[in-house]
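In what comes next, subunit A is part of two complexes: it sits with subunit B in the first one and with subunit C in the second one.
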Partner chain A sequence: MASEISAPATPGYNEWTDSSGQTRSHYAAIANAAASLGPAELAQRWGRANRQVGLDAFTFYLDPRRYRPAPTDWVPRVIPADHWEVISAGVAQRLKALNRFLLDLYNGSQDVVPDEVMYTSYYFYPEVQGFRPPGDVFVQIYGIDLVHLGEGRYVVLEDNLRIPSGITYQIKAVDMVSSHVPEFGADYDIVPYDIRQAYHDMFRSLCGTDSPVCVLLTDGRFGSAFFEHRYLSELLSIPLVEGADLYVGYDGRVYARTIEQDIPVDLIYRRVEDLEMFVPNLREAYMDNKVVLVNGLGSGAADDKLVFMWVPQMIQRYLGETAILEQAPSFNLSDPDSRRHVLENLDSLVIKARQGYGGIGVYVMPDLGPGDRTRVTHHILQNPEAFIAQETLDFSNHMVFNDQSGQLEPRYIDLRVFAIQDGNGNVTVFPGGLTRVALAGGRITNNSSGGLCKPTWVVRHPFQ
Partner chain B sequence: MDPRTIALGSDRWLTDSRVYNLVWLGRWIERAQNVARVLLWAVREHSDGDEGEQRMEEVLGLATAIRGMTVGPGASNLTALLTLDTGASLRGCLVAARYNATQVAPVEVIQTIGAALEPLDGDLPTSTQEVEAMVSGIMDTLDSLHSTIEDAWFHSSVLSEEEVYRRFVQQQ
Partner chain C sequence: MQADLGGPPPLSIDPGPLTASYMYVVRYGYSDTVLHNDNQLRIFPREGEGQTLLQSQLWTLPPGNGVSFRDRFGNSVQRYRVVENHTSLVVAAAGLVGLSSGHPVAGDVGLDEVRDVPQSFEFTSISPLVDPESVAALAAEVSGGSDSLLEVVRRVTRWVHEEVLYLRGITNVTTTAAQVAEVMEGVCQDKSHLALGMLRSLGVPCRYLSGLLTGQTGETHSWLEFLHPLRGWLGADPTRGVVLPPARDYVRFAVGRDYTDVSPVSGSFLSRGESEDCATIASVRFSSDLEFALEDGLELLENAYVVRNA
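And now, the complex of A and B:
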């Protein structure tokens, strides 16, 4: 193991060092702490933290048959407060516009996205037409994936509007680093937040009562993000239930079966997509306003990666504003000219399935071999409306500590930021987010594709 | 306003899935303790000398047969009872128990089961003395589970606001 820690130079924007190789001012305190501790001590801390991850069942399963502690790197990512101000304003703006769009979509008057795009979206639910959810909010919990191109330029890669996961991975990673390597944060003024209170306020505003009965509906302990379901249930003090624990009664209300009595439920924080499979007739109960769903049914229509192309126009149309955050330049493969352009420039693009999630159906063409490129080309030619193309962005790297070699190694990172919108239209964006780290040599950061988590702080100036 | 009112006692609800997982958590832990007891008895009573080791294998062979385990030719009954990838081995019982615990139990219970599993996830000991020490340690950990459950579960009320703040908010 090396006796000193150094940060290697990288192509693209390096979060840790500037172009001359100097540590950026907002990382100086972490770099100093790492140097003081030394590689051997850091490796020991990493070992203790990783053991704790396993013991706490802080897991992310790729295969439900294999217990898998969530792989995490404990070197924090630091976002300066001035960067965060822009991100936060941009995320709030985007969430408000998306909710206005969904309300228009299901109430028959949206004219932003072409019908042929909207009606071919897998998550467009015609049965929701004419339905107005509480507070006119379809998407209460929002996750947005961003990449940093450098110097505060954050670009949106995609929106997650159905059941975005990761918020507890954000909390747990920050919690763990403050417990196991407190030296990293000693000299920073980290912006705090209170998810519990914000969620409770949101639940109350949606139900219109101070004491709503809320449950968290899980797909069970073998689900990939089950840790999040369990942790949120404890954090929010709401019961964790499976589909079989709920039923829709003759009065149309949803009840939870318990040994003592059947309890009417006001709100279901659902972490499953196919509601009918888990709770028969739940859709009718929702449409009859007998129960609140978080997130609302049909919200995935705006989660479609092709609909994503029209979000700047939604912001303009519904809020009368220009989008604060840029988004990755994208191409609609249903359009013949765009398709031709994409096929001619395939080597420099990312191809995404419209309904994909968790890195599934994402092809970073520059990183693929010839056989895979041919296969993707065939898919596009056979079914162009099922895909979109995006420019491959040269986004930022961050350092990951390798506890075997005792050295820092660069990896691509992104940032998933979480926000909520309550029944009164108020938006709260939680400072920081979950930084996801790609595997060595790759650019796909999704946890479902094997990516790591990284604690993330928003810190106020001045940096010590 | 007290945020706890939002869920009417929350984790005290005994739903179908909660009861299911509680029952199976108890069953898997009990099975794990039974396997550990058989292993301890075998290595303590039947492992003196070459003849003793042969007797131990015979005893453990019976134990695997009773549990319906298929041990391949040349494979050790001892290793099978420790780690074979079925619900009949010590490790298999504890893995299943941990899954049930994640659905219903406080994190302290999950941590205790995880600690019992740790020695079985590494390189297994080769001598009977080391096996005895390892299994004894696992038994001690499982015995401590009872007090963990007592302390973390039955004697605790719904998390106080102070505890919630300490666990979730303060460290952010």
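And now, the complex of A and C:
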């Protein structure tokens, strides 16, 4: 039976197979389970799981007018525990340094990042200057995008400090695979985690009370990640509100309207960027410490793709440590010498719009034709400050099961890991993460660009 | 020796720096409430190159929040962000500068001496409003095949001065050098863009200047500077038809590749309405005191406030 599900060898590092085409030892149990189920049964399971995705409104909208279940491949990704130790330490280190940087940016005189870069960042808010959030924490929820170059070498591509989404896709994908293809996980010791408890502890420490009133502020049911907002609100037992449900009272506190009475709110887990447009005076309430915002106002300044270049220096400056995780080598195009270098070596680079998100405004030059090349060259020459260049990394592939052909097919994957920081500065990194799978032939894995999700496990003893 | 230097003769006695008092006020009116307004201001005198900053002040209404920094061209910039509701925005800058009173002097050199210098990449490449290739044929014709720097700058500056009709309302802040070459009409900004494009196509590194013309009341002015291998950046003003103007003619605010790099106020606002009107007042007077700045600026601010509350 095993021969019926073939796994072709691929260029670059494949996490599933080694260079000789053999299934790696920590995937043997999944491969065996897949082989004994057989392609027909697997295709049926895939169909059932995908129907469930639709029924559960497990969605990620690209276009608010079209219902779109989040496409998921159910072949799990296994991260060995020794890899995870490094990832987890590196993510925690990065989150602490970024937070310290933001505190210094708004309250001190940071000199790690050039002023021109910092103050031209769209998400740098001058009005936040002089403000210290509770516990000095600007970034409570952090999402970091990593790629795996092979043999445990993980490299950072991006930091997401504003309103990172995906943690519930991580949870949901793992839940779904354990209920629809339980055979896959039967022989693995998967590291568990409790998001509900961790978030509640974080909320309490930020508010300084045992039972704070918390709400989740959504951009509404047509927002791309509305599934996540709804799921989190249920998981955390906190009301889901839109801007119109909140107002700032005469006492300067924030209130949530309910049928019975208006309830004072201690903490807003916000999933919208431009708060003051939806809730008048919310900024004042926040800056008077009448309400806690998760994440803090102005945290996006360190989410800028150009500011990314200086994170290793932030780690050095604020923690006195060397960065644990490598990051993609990047170029500041405002500097004429770097710009010239980038234009001369364009074919090996990725060009990203500085304020882009979700894979929008990303040009992977090796994958583009000459027409696009001319267009990107003009963009760079005309508006160098609007872009950043990064070296193209040959990152890892994984297998997705094609339920039409019954074959496994290689695709590029990345990993978004989530971490939280509580009011005492303690960081929790949730084991695993959301593995995002690029479309066939592409390298852009963002869900906003149509990528797939994949369940991801951190496994204690993967080598049975 | 002087014949070798070319250009206007140097003053035999430099009477020392002159002091000028300047003011620049702009008011934007909007057709509906603006929720937030985020801008970069480049209305502060640059230090150096014949200009000393003695005093500089800024008023804004609504007050908003700001930070200042230097951009990659060395311009002094203020990020100014307003997050309270407003229907008009007023920005007023005033101050005192010391201006060198001498005349710049430079000898002519071959064009090949400024080709492929380190500044070439930044200041001869395509920029948002100036594509040198689009006016290369025109530049070749006007330069008449001359291969000396000052001669080429003179020919281009004078040609643009004489042939492009100064006319308001034809062009706007997004008009490109190629479009100016087509309509042959425009304001100082358009003349500068066309001359920059022509000079760049000939390999001359040159940059766009934004500032005020001394002795003139009205709006901001724009001209250009080209790179001389021995003398550094030297001025040329296609609107006035002057090459190597003295430093005392201008208060220099910002330099860049074209208008998009140096726009006095650039940014975005969020509103259901539109930007309805924009009024600018600028003035420079030779004086060692801050002459009109305070009262004029404040008066404008007050007027704006009355409008806001009407």
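Criterion: the second predicted complex is superposed on the first by the 460 of 464 C-alpha atoms of A that agree within 3 Å, B and C clash if a C-alpha of one lies under 4 Å from a C-alpha of the other, contacts with A are read in each partner's own complex, and residues count from 1 in each chain.
The rule we apply is simple: contacts are C-beta pairs under 8 Å (C-beta built on N, C-alpha and C of every residue); 3 or more make two chains touch, one makes a residue touch a chain.
Because the structure is predicted, anything quoted here is derived from the model rather than measured.
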item	value
Room on subunit A for both subunit B and subunit C (clash or fit)	fit
Which of subunit B and subunit C A:Thr258 touches, first, second, both or neither	first
Geometry of the superposed three-chain model: angle at subunit A (Cα centres of subunit B and subunit C, steps of 10 degrees)	110
Partner chain(s) touched by A:His200 [first = subunit B, second = subunit C, both, neither]	first
Which of subunit B and subunit C A:Thr392 touches, first, second, both or neither	neither
Residue contacts on subunit A - larger count, subunit B or subunit C	B
Partner chain(s) touched by A:Thr120 [first = subunit B, second = subunit C, both, neither]	second
Partner chain in contact with A:Gln382 - subunit B first, subunit C second, else both or neither	second
First, second, both or neither for A:Leu240, with subunit B first and subunit C second	first
Which superposed partner A:Leu55 touches (first subunit B, second subunit C, both, neither)	first
Shortest CA-CA distance in Å separating subunit B from subunit C in the superposed model	23
Residue ranges of subunit A touching subunit B (in the complex, touch as defined)	54-57, 59, 67, 171, 174-175, 178-179, 192-197, 200, 203-204, 210-214, 220-222, 226-227, 230, 233-242, 244-245, 256-260, 263
Contacting residues of subunit A [partner subunit C, same complex]	115-116, 118-120, 122, 124-127, 129, 274, 276-277, 283, 334-336, 339-340, 378, 381-383, 385
Of all residues in subunit C, those that touch subunit A in their complex	35-36, 38, 40, 64-72, 77, 79-81, 83, 118, 121-122, 125-128, 270
Sites on subunit B touched by subunit A in the complex	1, 3-8, 10-11, 13-19, 21, 95, 98-103, 107, 110-111, 114-115, 158-159, 164, 168-169, 171-172
